[in-house]
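Below: the structure, in structure tokens.
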């Protein structure tokens, strides 16, 4: 997630470098063409780029809106993960009878809570295509758990399996009653849902042709605008067209980045920071002595 | 689902061939008309196509948005199917008591899990209008089940009936308690819901007149634009109009494809790939030795 | 629901006949005025109709969108009715103990299932303002039930009362346990909700002034456009204006039809066809020998 | 709620009288200015009002959309109140055991049902800022209940408190079991939710600056349009501008009315009519002999 | 929340002072440039600012819409907090058996209810970055509770932990049964959800580049518009451009304020007033003698 600090110009410019260069090129080309063989260029009436420009703005605005919705949905999914992780631990603490609970049950709660923290980090990493079980998470997981999930493809789902196994255990030892088991199962179902939703956003390619045709449409508009401008404002056309093209391409890129919020880029949903928040909250419920600090942002973004 | 590989030009062009040819035709016709009897053409003021062009862009953008919502809803429904399929198997493993469970109950769980995989494939096939029970699924279903569903029209619904029968069995044998039965029933209700939602999207024709009038409106715009252009840029009109028409028709087609995401076309929601993912996940929970690979994409799309 | 067959031109044209005639009239009137007293017409600058045309397109596009949402919501509500009807019967079959269940309980299930079919037809009819209990439904309902609902104003709600009475009976005879009763009650609540939602869409008039002012705005636009065109393209104005007006009015009418999806018109949500689908599904669950065919579409629509 | 009858012109005109007068005034002023000192007016190019006009249309269309959403949400909330009121009574009738239930329990059901009717009227009145407990409702409530709610500020919430007290009573007398109590509590929670949602819509001022700047923007547009028109169409400017201004202001007012659907105005959500529908439905479930008629609409609206 | 009183001009103007000054500056600069070296300015055709102006209006309108959604979501979250706080207290009063309940349990209910009030204030304060536990809330909380939450980072979450502890206590003393515990836990989960949602809106920066590029785009538009105007209306350009720029910047600022509804500004969601409403409602349920007055608004806003 980009933060409200001064975003480096280079970072912004790099994204649209190629497109803007291409625009610069044909704008110069048209200028030379006009200079040497002015008769070969059609006198494009200015209403033509007006129609195209407004059409593109419309489609771009709608696309930006759909991308924004995807981005906001991704953030909502991770918000739900925060809420359900916190609820899960609150419920475990609230349901399991303290007087009855032996050291074993108590340690089961701690194991579950730590695994929940690991699950959050692991899901974030695997969405971004990174190593799902980093060193950090190995500390939070038991030896057996680590062995179990090694054989599984979908690591976060494997961790939920282990959760279910522990909850079943707690139920069989009568540490939680039938009602409470169902209530905890509801929380598990919600976590499983959130995981699936994040995977859905990550795996579903935004309709390819939609973006393709729009990109082509922007070029068509810029070529026609360039032809219209070359006749009216001459040499001024080059900076004006370049600036207009830059803005359109920048907005197109913004849409593209928001579509895919788990690509290990500065514009990502800040899943690592969110997982850290969950870690802090859960460790405070467990009243552990050492609680980590919130994740510090990088130069102009937070992961 | 189209993937982000180079989409063949032929695939894109074939879709709008007829419309573009028609536009080419009347654009040439107007040109000849102007050449030979220039007095018969009205001097269309350029603001007229401007109004029409912007109106159409607006309606097109909104239609694209509604089509996108339909497409995204279809994807969400299949996302929910992934989640509930995974939850169902997790719940069965988590609820049925391992120490108590005889071989029979254990095999019931496996039968249910396999049938759940078959259900996903079967729903995908029947939405696409293909043979709902292919060979693949016959391996996953018991002999009796296959006999039962033969007499039923709605195969996926018939498989849910069999699920319900098995769950009732588990309850009667006290392998799951009253609470757990209700919890599993909730999962069944959600699966039944997702099935109904996918059928709804598949069976509801996008308002016909809406699309029809819009298509007619685009032609009206192109004819008037052609008349306006023929007066101003002469011969250049033909390529310019063709390009503009192509873009409008391409965007219209994109909307049309997103409206109907289960038509056995490259732009479909990738239900087979999703069903394969579910198969992999479920078989790993059951710790089966042979787990299939994820579905490989075709040249430029994945089914 | 209109289907993707060739929609008769007469059907489309009849809807906008009056409006188009009026437009034709004043377009001819302005033409004559110009011809005889050309000095009395103001020289309307073409930008004026441009502003109005785009404003109207915007408002029209938004209205179309809101109408579409209403139409899609109506379809969703009936989708939910399909799902909950199917779930209800699945639950009844899954919950009531077969070995324990006497002939009486078994017949209660059949009575409930048949009444559920009748409820779907009845709700559809009453939404459309037709006779809620047709002959067809009389076959599906018991004598007593028919007597009971005669005295009730809201027939579909009365059928739900009878459902509740039967479910209470099943509970008192211990055919369903406490948990299952609550689960069935949830399904009843959802059905009651869907009924209320359909009634809400049916009874809530789309903001009247909104449509009124927009209709007035379209006329204002057409008058000013006519004035602007009469000066520029002369006689050509009449067909051009008529075509443009037709498109605007057609789109306005499309919006109007989608707003009210239960008016016994070809553009209605196809509630009879949906009720038939439910009938087929439920009768197949009951394994009845005679299952009706899906509703065949009329010439260009399905009810 | 306005109904589809002929809406009196006076009702429509009164709303925009002041704004239109102001527009008329400066339009005449500019005309005189042009007549006497034509040199003092700038030659505003017509594209300037085009930009402003389209910008305003856009913002107005979006605002209309947001207002529409608020209005539709208010209607949905009251739709949910209908559904939950009906469900509540169905549940009470379905849960409380008839054979066991003494006269006392039976009268508790009737008291609850009547109070539910009173609650609907009371909520509607208090949202509109009217006397929450009118005579009508005093008939429906017991003496004690009336005394109790007198001391309470939030009357509808106080009625829900009394509901909860009665439900607790029923539970303690074992007229409803533990499951049923929870199920009834869910219905209470939903009613409490709907009440809160209606209060939220009523108490949240639509962002003030948003409306303010837009209103100012419309004036800016009209002034500039007036300047542009005075140069081009002379005296015709006055009626043209007045008509255009009227349309914009009418649409702005429509948005304003939809924002606040509980202001005791003809454009309100018809809460009294809805409460009456609930009364009819509930009294028919109780099989009371006297059922009131549906609320008759006023001249052109229904409250 | 701003209220519908006369908003001071200074408050409005201060927000856009810098931007408007900058616009004034280059508008004067261009004027001088034109005066002294008229040959150096290009003759910008007016269609160019038209395209840009409409594009910006579109993007601005969409951004305003997304900001509005965020603002409205924040208000919905706090509406849900009102509902669930009221439900919680109703449930406690409705579930805990009065005849059985000793003074201790009764005081537990009061402690929970008071803590719920404190939680609302505390969440509001901590969202706004103020001292979460003010004097006011110290009165509402017990000594022990205050000590406990001192060591916790996330104060509102810590208060929910204490809630859970008390509910567990009530369950262990059998003041609430298993069903009721689960029902109360559902309410706790919803409160935990609302807290998380408010934190999500507060912590998620609205896509930075989106706003940045749009701001840059507005300047590009104003520069080009200024160049176009300077050629056509001369000196009048300065006031016209300033007014247009002001409107665009005001709308941009309105969007910015709605994006972040918890910044301790007059445009905030009125969380303190809402918490006060909850306090009044809860204290009336407890039938406490002293109930505070609703929060009085400041000059033109309410916090």
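A few comments on the model shown:
To keep things simple, chains are lettered A, B, C, D and E as they appear, and every chain counts its residues starting from 1.
Here is the rule we use: a residue touches a chain if its C-beta (ideal position, glycine included) is under 8 Å from a C-beta of that chain, and two chains touch if they have at least 3 such contacts.
Remember, it's a predicted structure, so these values are computed and weren't measured experimentally.
Minimum number of contact steps separating subunit C from subunit E: 2. Subunit B and subunit E, compared by their mean Cα positions, are separated by 38 Å. Centroid to centroid, with C-alpha atoms defining each point, subunit B and subunit C lie 24 Å apart. Contact with two or more other chains is made by residues 47, 50, 54, 58, 61-62, 65, 178-179, 182 of subunit B.
If touching chains are joined by edges, the resulting network of the protein chains shown is one closed cycle, each chain touching exactly two neighbours. Read round the ring from subunit D, going to subunit E first, the chain order is D, E, A, B, C. The touching residues of subunit A, counted against subunit E in their complex, run 1-4, 7, 12, 46-47, 49-50, 53-54, 57-58, 60-62, 64-65, 68, 71, 75-76, 79-80, 82-83, 86-87, 90-91, 93-95, 97-98, 177-180, 182-183, 187, 225, 228-229, 232-234, 236, 240, 243-244, 247, 250-251, 254, 257-258, 267, 280-281, 284-285, 291.
Every residue of subunit C that touches subunit D in the complex is listed here, in rising order: 42-45, 47-48, 50-52, 54-55, 58-59, 61-62, 65-66, 152-154, 157-158, 160-161, 164-165, 167-168, 172, 178-179, 181-182, 185-186, 188-189, 192-193, 195-197, 199-200, 204-205, 207-210, 212-214, 216-217, 220, 224.
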